[in-house]
Each structure stands twice: as C-alpha cells, then as structure tokens.
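Paired with chain B in one complex and with chain C in the other, chain A is shared by the two complexes that follow.
Now for the complex of A and B:
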C-alpha cells in the first residue's frame, strides 16, 4: 500500500518536473517569438545591437518599448488569471469557476467604465486601478456569499454568475449608450486587450501580482485540505474560514490587477487549471505552479493570434480567450471521464 | 391538497384581475405621456379616429411592450420547467444572444440593409442558437436538463464574444447596435405589431394547453416515463415553443433581458408552482414589467430615451439578486 502510493507519487513527480520543464521552454520560445516576429526590418544582424545599451534606432525601440512590455504583461497576466482560476475552483469546489463565468470581470468593467466617464479628462491610471479593485471586490463578495450558501450546486452557481454578469453588463452598456463620449476606447477596453501595454503597466501589475502568486504557491497545500470538504478540513485542524478569506483576498488582488491594466480577460482561469490537473493530478502543490506557466503561455499565444487573425485589425485578446472558452466549456460538459454532470 | 389548490386559485383570480387592471392603467398612462405632450381628450380622440400621433406611434409601442412581455415571460417559464432549473431563461441560455448576433451582423456588416430584414435576421439567429444549444447538449438517451442549461451558457458566452468582436471592429456605427442589443421599443410601428402577435397567440395557446406536460416534467424522470410520457419529444416540442416565443420578441424589440428570468419567480411566489396558474400569471406580469419599463425609460430623462431592456435589467436584476442571496434560495 505504502510503496504503491509512494511509487505513484514519484511517477507524478516526474510528470510534474517534465511538464514544468516543457512549458518553461515553450513559454520562453513563445515570448521570444512574440517579441520579434513581424517587426518590420528586423533581421538576425540586428541581434547584437538589440542588447546594446542606449541603441536608439526605431527597431530596438519597437522591440524594447512596444513588444517586450506587451509580451511580458501577457505572460504575467496569464499566470495571474490561471492562478486565480485555480483558487476559485479550489475554494468553491466548483470546476466551472472562473472570473468571467462568475461575473467578477463584468462587475469590475462596470465600475471602470463609470469612472472613465466621470473622470475621463484627468489622469486616469489610478482611477482605473481603484475602480477595478473595488469592482472585483464588490462582485466577488456577491459570488462569495452565493458560493457558500449550501444549496448552490455548480450549475446553479454558474447560472447565477451569468445572471449577475448580465446585470453589470446591462448597466455598463446603459452608461455607454446614454453618455457615450469615447465609445471606441471604452468598447475596446471592455473587450480585454494587451495592445499599447507599457513598462508602467507591467510595473503596476507586478506590485500586486508577485506577492499574491508567492502566497498562493505557499498556501497550495491548504487548498488540498480545503478540497477534502469543509468537515474533513475542520477535522484536520484547518481554519477553513481564514483560508477562504485569504483565498478571496488573493483572487481580488490577482483579478483586480489584471482587469486594471488589461480589461476583463476571461476563461484563462477556466481552461488552464483543468489542463494542468489532467497532466499532474489534483495536488494543488503541483497544479498551481504548472497552471501559472501554462496560463502565461496561453495568454501570450492568444495575444499573438489576436494580432494575426484579422490582420491588420487587431483582435482584443479577451475575445480570443472567450472564443477558446466556449468549446472548452462544452468539452467539459460532454467528456466521459470525470464528467461534471 | 385540494384545499391547497383552492387557496391558490382564489389568490390567482385576485392577482389576475389586479394585474390586468394595473396593466390597463399603465397602458393608458403610456399613451398619454411622452416626448410630445398630449391630453387625455386627444388620446381618446386619436384612438376613436384611429389616426394621429397616438395611434401611429404610441399604440403600437404599448402593444409591442405587452406582447414582448408575454412572450419572454412564457418562454422563461417553459424553459425553467423543461430544464427543471429555476435559473434558465432565454437570455441565459443563448437564445437572445443568437438573435443579438444576427442583428448586429445585419446592422454593422450589411451596408444599407432594409429595415424590415432586421426582425427576420434576429428571429433566424435566435432559432439557430436554440438549435445549436439543443444539438450540442444532445447525447445518447436524450438531453439532460442541467447540461442543456450549461451548454446554453457556454454557447451564449461564445456568441457574446463574437458580438464584442463585431462591435469593436465596427465601432463607428456601434451605438445603434448597442441600443438594439439592450432592447428598445423606440420607433416601433404597426408592422412590428403584425410581426409579433401571431407568435404570441399561437405560442401562448400551446403553452397554456401544455401545462399538464410541464407539470409532469417537474417530477422525477423515471416517474414521468412510467406515466407513459414521451419525455424527449415533449421536451423538444416545449423548447421549440419557447424558442419561437423568445425569438419573435427578440426580433421586434432586441434582447430585453431579465423578463424571462425574473417574472416566473415572481409568479411562482404569488400562485405556487402549478403551471396551470403559473403560465397566465407570468404572462400578465411580464406584460406589466415591459410596459412599465418602456414607460419609465421614456419619461425619466426626456428627450433621451433609456432603452426598455436596460430598465428591465435595472428593475429585475436587484430582485433576482435578492432571490439568489436569500438563504432559502434552493426552494424556488
């Protein structure tokens, strides 16, 4: 018995390190590619000059100030959203949880759009950040209450999340329709985008995301215990309420930072944790780091795809992930093994 | 049991009479109030002569509000019965979104489309989305109600993404599309009335006749089969009815949300869950809500008109949230 389980553990540990290695490699490749592919006039001969300090030609500006921050932001947000998805799925014990599905993104969008309209002419970066966090906290707390009302099955939670996001969405659209001024900009923001990302955006995102990620990894064993069920977790001496609150706080920080710099990007948090679990099993100590890597890869790839699909028009990355989310959602509903319904 | 039914029947009669009176009152007020000031004498005069501003613009508008309300509320009630899920509604499971996508394509992509093609496109889109949801959730042994609802959510999400894509891509004309997506009764005419009333009549009648089937579907699946009902065929038929009802109202008024979701709950609280009483009550309450919303949207901040669908969301969503957050939520 003992040997069998430890043998399994070793095997999955090697699957874990293999997949970590593979996805790190993939992520680095994808990042490198996205930084340079399609930059007009860039050839191999520029390679040394790219790494020269103070080279101020157009090409190295494009690479260092347009491409690199965008790609890195994509990677960071992808990791953050994937982790947020892991957290939400662990805490609600609902495999369909995701910031978008549960209406949290829409709540944040609503507040950001309203504050964009109120403070449109002034320096808006901090307004957007504040509004995004308040919005995430607001809609998050509604979902938090719903999720721990014991009658709520996964299906019911998803449907009520959708109803809530319709509500916030209606208000957002209403504001836009009634007081439209910068329609284009607001709509584009609402679709979730990475274009125009700067080093400043990246810095803002990192302030919250890095500590949240570290905490999330450190606490991952607590989530394993939480997944055993409330009774069992209490029996094992876990302060269930406190773990849930910390998780909720981490979700707010992760999703809030993401929404603040890039607008609502959905379904990364739904898709990635499932993929990670299918590779390394359900141990959150492995799922969380792997999901972060995979999420980063996915979002960078999706952003790259968004630049190519309707070239020369750029498709906001949130739309790409939403279009990936639909078939994945249906797959989750229809698959034979581990079917949700 | 009999006493229970009797108690609800009496309440049902009171509620029906009360809400019909209220509806009549609202309709009269809606005819009187608006951007152009009118007097009651003028209202009566126009109605008598069947001519003038009131007859041309406000009467069809009120009628459409009533029909849309009836259609959406009935569609929602039927869907909640068929999926055995109190959270299903045409706007949640993607039917409205399908209509929305088709009409956004029409508004944004097709240059100078004939105005009357818009309802057709919307209806087609809604039906198409309904079909996709049905077939995707179908598997051997029929459709599972829960999977139908969640598949609807998934399809709806994808369709929303496509709508956003189109709106972002064609942002210059997006304002019209956005108003349409929120569901508005602005500038609707008798032509639109002609488009919707046959659907309301036929769909409403079928729904009212099918109350027994709906009641049975609430029972355990084995029991229903044991009673000799062809469960899949019944489900399909009822779904078709609700898609037709929702599709026709999306066609004339855009995606007016929350009526199909909230009204059946309100009706259930009032008259219990027997579909014989529930369906008529939902229909009347739905008509009431949409008429009220359209009136409020027109009167609050003239000359700007708030789309009726936005008002229904603002009125309906907090109520729905309250229902969700109540401890006893699972009961409905």
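Now for the complex of A and C:
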C-alpha cells in the first residue's frame, strides 16, 4: 500500500517537473518569437544592437516599446487568468467555473460602458481601469452571494452565472445600441485586446497580480482541503469561510487587474486548469504553478495568432480565446453528461 | 431562500416576455402591399431596389429617411425629409444641420420607432437593406419602402439619380451628378502619380481605418489616389463593416504618402513610430473633421471632402 502510493507520488512529481520544464521552455520561445518576428527591417545583424544602449532608432523602439510590453502583458495576464480559473473551480467545486461563464467579465463590461457614458469626457484610460475593477468586484460579490448563501448545486450555480451574465450583457448592449456613436470604440475593448499595451499597463497589472499570485501558491494546500468538501474541510480544522473569502478576494484582484488593462478575456481560466489537471492530477500545489505557466503560454500564442489571422487587421485576443474556449466548454459539458456536475 | 424563489420567478417572467416579443415579431403580418395613399394621384412607378420592387403612385412628398446618406442625397436634391432616424445624440449630420431644420425624429437608426414613423404619415420610406432587414415587412406596411445600399461612392450617386427620378427632381439629380463628376475629373487630372493615402481615426491604443470598399475609400480611389488599406473585415450583423483596427506597427508598414486623421492626433504625436512615418516627416498628415470624413456619406459630403482634400493632395496647400 505504502510503496504503491509513494510510487505514484514520484511519478506525478516527475510529470510535474517535466511539464514545468517543458512549458517554461515553450513560453520563453514563444515570448522571444513574438518580440521579434515580423518587425519591419529587423535582421539578424540587428539582434546584438537591440541589447546595447537604448538607441532612438525605430526598430529598437518597436521591439522594446511595442512588442515586449505587449508580450509580457499577455504572459502575465494569461497566468493571472489561469490562476483565477483554478481558484474559482476550487472554491465553487465546479469544473465549469470561469470569469466569462460566471458573468464576472460581463459585469466589468457593463460598468465600463455605463461609466464611459457618465464620465466619457474625462481621461478615458483611468475611467476604464477604475470601472473595470469595480465591475469585477461587484459581479464577483454577486456570484459569491449566489454560490454560498443558498444551497446551490454546481449545475445551478453555472446556470445562475449564465443568467447573470445575460443580464449584464443585455444592459451593456442596450447602452451601446442607444449611444452607438459615442461607444463604438468600446466594442473593441469589450472583445479583450492586448494591442497598444504599454509598460504603464504592465506596471498597473503587476501591482495587484504579483502579490495575489504569491498568495495563491502559498495557499494552494488549503484549496486541496477545500476540495474535499465543506464538511470534511471543517472536520480537518479549516476555517472554510475564511479560505473562501480570501480566494474570492484573490479572484477579484487577478481578474480585475486583467480586465482593467486588457478588457474581458474569457475562457483561459476555463481551459487551462483542466489541461494542468490532466497532466499532474488534482493536487493544487502542482496545478496552480503549472496552470500559471500554461495560461501565460496560451495567451501569448493566442495573441500572436490574433495579429496574423486577418493581417493587417487586428483581431482582439479575446475572440481567439473564445473560439478555443466555447467548444471546450461544450466538450466538458458532454463529457460529464449523466453525472451531476 | 424565498427571496431567491421570487428572483427566479422574475427571471422566468422576463425570459417569457422576451420570447413572446420575438414570436410576435416573427408572426407579424406578411403583407407586402403598401397601404393606399389617397393623397397622391398620378401614374404608378415601379422602383426596383435591393428588397425587390416597390410600386409608388405619383410623386411622394413626405419622405422618411432611416440612415444618414439618404438625408445627404435628399438635401442635395432640394427635398426636405419629414422624418429621419439618427444615432445617440446625433440626429442630423453636422454639415447638413443648417439645411435640414424641421423634421420628426423617429429614433435610433438601428431600431427606429415604428409608431413615430406611422404617425408622421409618410408616403415614402428609405431604408438601409442591412440595418432594417428585420423590420422590412413592418416598414412596407406603413408606406412604400425602398432599400438602398450606400456603401460606395458610386452607389450613393446611383441612389441620388433614383431618388431624383422618384421625387420629380430629375434635373436636380443630373446637376448634382454632373457637378460631382466634374469635380472628380478635375481632381483626377491634378493629382499626380497616384499617391498612397489612408483615412484613419486616432484613438487610445490603435487606429480605426476605413477599408478600400468604403465610401471614403472608393472616393479616394476614384480621384486617382491609391487607397492603401486593402484588408477587410467581412460582414457583421449590422451590415457591411467598413472600419478595421490597425496598430501603429501596421500603419508604419503601410506608410502612406498622405494621412487624413480624425480623432485625437495628440495621442500619437510623440510616438517614435508615428514620427517616423513618411507622411509625418513630409508634413502630409492632415487633421480632418470626423463628421464629414468619417461619418459623412452622400454627394454633399463627397463634395466637401474633395474641397478639403484636393488642395492638400495636389500640394497647393499644406
């Protein structure tokens, strides 16, 4: 008995270190490629000069101020969204939980659109960042109330999440229909985009995301306990409410920071935790870091695709992730057919 | 728990209501015969358009327009519409505001208020074939409706001719066409060496760019420039999409000779990539009025665009 379980542990440990190694390598390669491929006029001979003095020339500006912040932001947000997905799925004990599915992204969009109507004449950047963050907090708390103040089964939780996202979505659409001229530009933001990312965006995102990520990794064993079920967790001495609240707070910080700088990007939080679990099993101490790495890779790849699919037109990265995520969501639903979610 | 029950009930009620609305929308009368307009006497004309053919008796005098380009066309013909649809705060295109004063506002152009249209008692409705596809039957029920495509500049000119014919303004329509064609010929002769031009909107993180098939794109091609954005965006539910998104990097790749910009140019003034554009270095970036260059559509808008653009394109004014 003992040897068998320790053997399994070893195997999954090596699967873990292998996959961490593989995805780190993949992520670095994708990042490096995204930074330089297709930069007009960039040849091999330029490469060394990119790393020397910060020159004024257009090529190094393109690389350091257009490509690098965009790619890094993509990686950071991908990791943050994947972690948020892990957290949501752990806290709700629901494999279909994701900021997009649960209406959190739509809440953010709604508040941004309303705020633009009210304060559109002011500095739009800060209006969007503030409103997006507040919107995430608002719809996050609504979902939290729904999830834990009533005895919802996971299926009903997903349904109420969808209902709420339709509700927010219809208000948003209503405003856009009525004020088409003034809100046209926001449609593009609402699809979730990384174009035009700057170092400032990256800095804003990192303020919240780094501490939240660290906390999330530190607390990952608590999520393992939480996943055993509320009663079991209580029996093991866990303060279930506190862990849930901390998790909800972390989700709001992670998703809020992401939506604030890039608009709502859906489904990364849905897809990635599943992929990570299928590689390393359900131990959150392994799932969380691996999911972060995979999420980063996925979003950078998706953004790279978004830049070239309709070249020279930009496709918002959120559309690419939705194209991947929706079939995956349906696949998950079908696979679990007959079982209570 | 009880609270949730009643919330669920409310939600169910809302859904049912929505469903019911959609159903009634679908089953609405299929009558395509326009109502008799007794006021008009005269010969019956059959007008072919995108939605088929519409029979119109006599000369309509009370016209309702459901999109901006039609207001421009009617104004050019000297006909004042009795009602029109707009969007948001914009009711009449700004450049037409002093020529179109009295009218009934019939609401958002995406979903015009059918009751208001009916109460204005029109004898002709001009609709956009994409935007008003869903209310086609309802509109035809109120008054004879023609649906006209207004994407390219030549379509707009064709519409003007058709409307002139329909509204007894044949001579005016010919004059409008002649004037504009003369202007275009004149421009064509003066513009040398088909320079690359682009019309973009400058916004926070990227640019909006009008595609080659759009009104402004076709107009620019017709005066002998090379419109430099050849990508497209396909169609949306709203109709043909004529604006695409462009990052600074892609704009630098296209690197046009002339750049007409609306929106906020200040956002980009210090950007090294922007400063490196050929058009910027040569002082050929021109700030233009969004209401005319981006939202304007019709013979009057075309004429205004040429008046502003030609001196710049021929280098007689910087």
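The definition used in the following text is that the second predicted complex is superposed on the first by the 325 of 341 C-alpha atoms of A that agree within 3 Å, B and C clash if a C-alpha of one lies under 4 Å from a C-alpha of the other, contacts with A are read in each partner's own complex, and residues count from 1 in each chain.
By our rule, a contact is a pair of C-beta atoms (placed from the backbone, for glycine too) under 8 Å apart; a residue touches a chain by one contact, two chains touch by 3 or more.
None of the values given here were measured: they were computed from a predicted structure.
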Inset, instruction - In the overlay, answer first, second, both or neither for which of chain B and chain C A:222 touches. - result: neither
Legend entry - First, second, both or neither for A:178, with chain B first and chain C second: both
Inset, instruction - Look at A:313 in the shared chain and tell me whether it touches chain B only, chain C only, both, or neither; answer first, second, both or neither. - result: both
Inset, instruction - Check the residue A:297 against both partner chains and state whether it touches chain B (first), chain C (second), both, or neither. - result: neither
Inset, instruction - Kindly classify A:62 by the partners it touches after superposition: chain B alone (first), chain C alone (second), both, or neither? - result: second
Inset, instruction - With the two complexes superposed on chain A, say which partner A:163 touches: chain B (first), chain C (second), both, or neither. - result: both
Inset, instruction - Using the touch definition from the top, say if A:34 reaches chain B (first), chain C (second), both or neither. - result: neither
Inset, instruction - Name the contact category of A:330: first (chain B only), second (chain C only), both, or neither. - result: first
Inset, instruction - Mind working out whether A:188 is in touch with chain B, chain C, both or neither, as first, second, both or neither? - result: both
Legend entry - chain C-contacting residues of chain A that also contact chain B: 163, 177-178, 180, 183, 188, 310, 313
Legend entry - Complex interface listing, chain A residues touching chain B: 96, 100-101, 142, 145-146, 149, 151-152, 155-156, 158-160, 162-164, 166-167, 170-171, 173-174, 176-178, 180, 183-184, 187-188, 190-191, 266-267, 310, 313, 315-316, 318-319, 322-323, 325-327, 329-330, 333-334, 341
Inset, instruction - Within their complex, state which residues of chain B touch chain A. - result: 85, 87-88, 91-92, 136-137, 139, 144, 146-147, 149-151, 153-158, 160-162, 164-165, 167-169, 171-172, 174-175, 178-179, 181-182, 257-258, 261, 304, 306-307, 309-310, 313-314, 317-318, 320-321, 324-325, 327, 329-330
Legend entry - Residue ranges of chain A touching chain C (in the complex, touch as defined): 39-40, 56, 58, 61-62, 65-66, 124-125, 150, 163, 177-183, 185, 188, 193, 195-197, 307, 310-314
Inset, instruction - Going by the contact rule at the top, pick out the chain C residues touching chain A in the complex. - result: 1, 4, 11, 87-90, 108, 110-111, 203-206, 208, 229, 231-233, 244-250, 252-254, 272-273, 276, 295
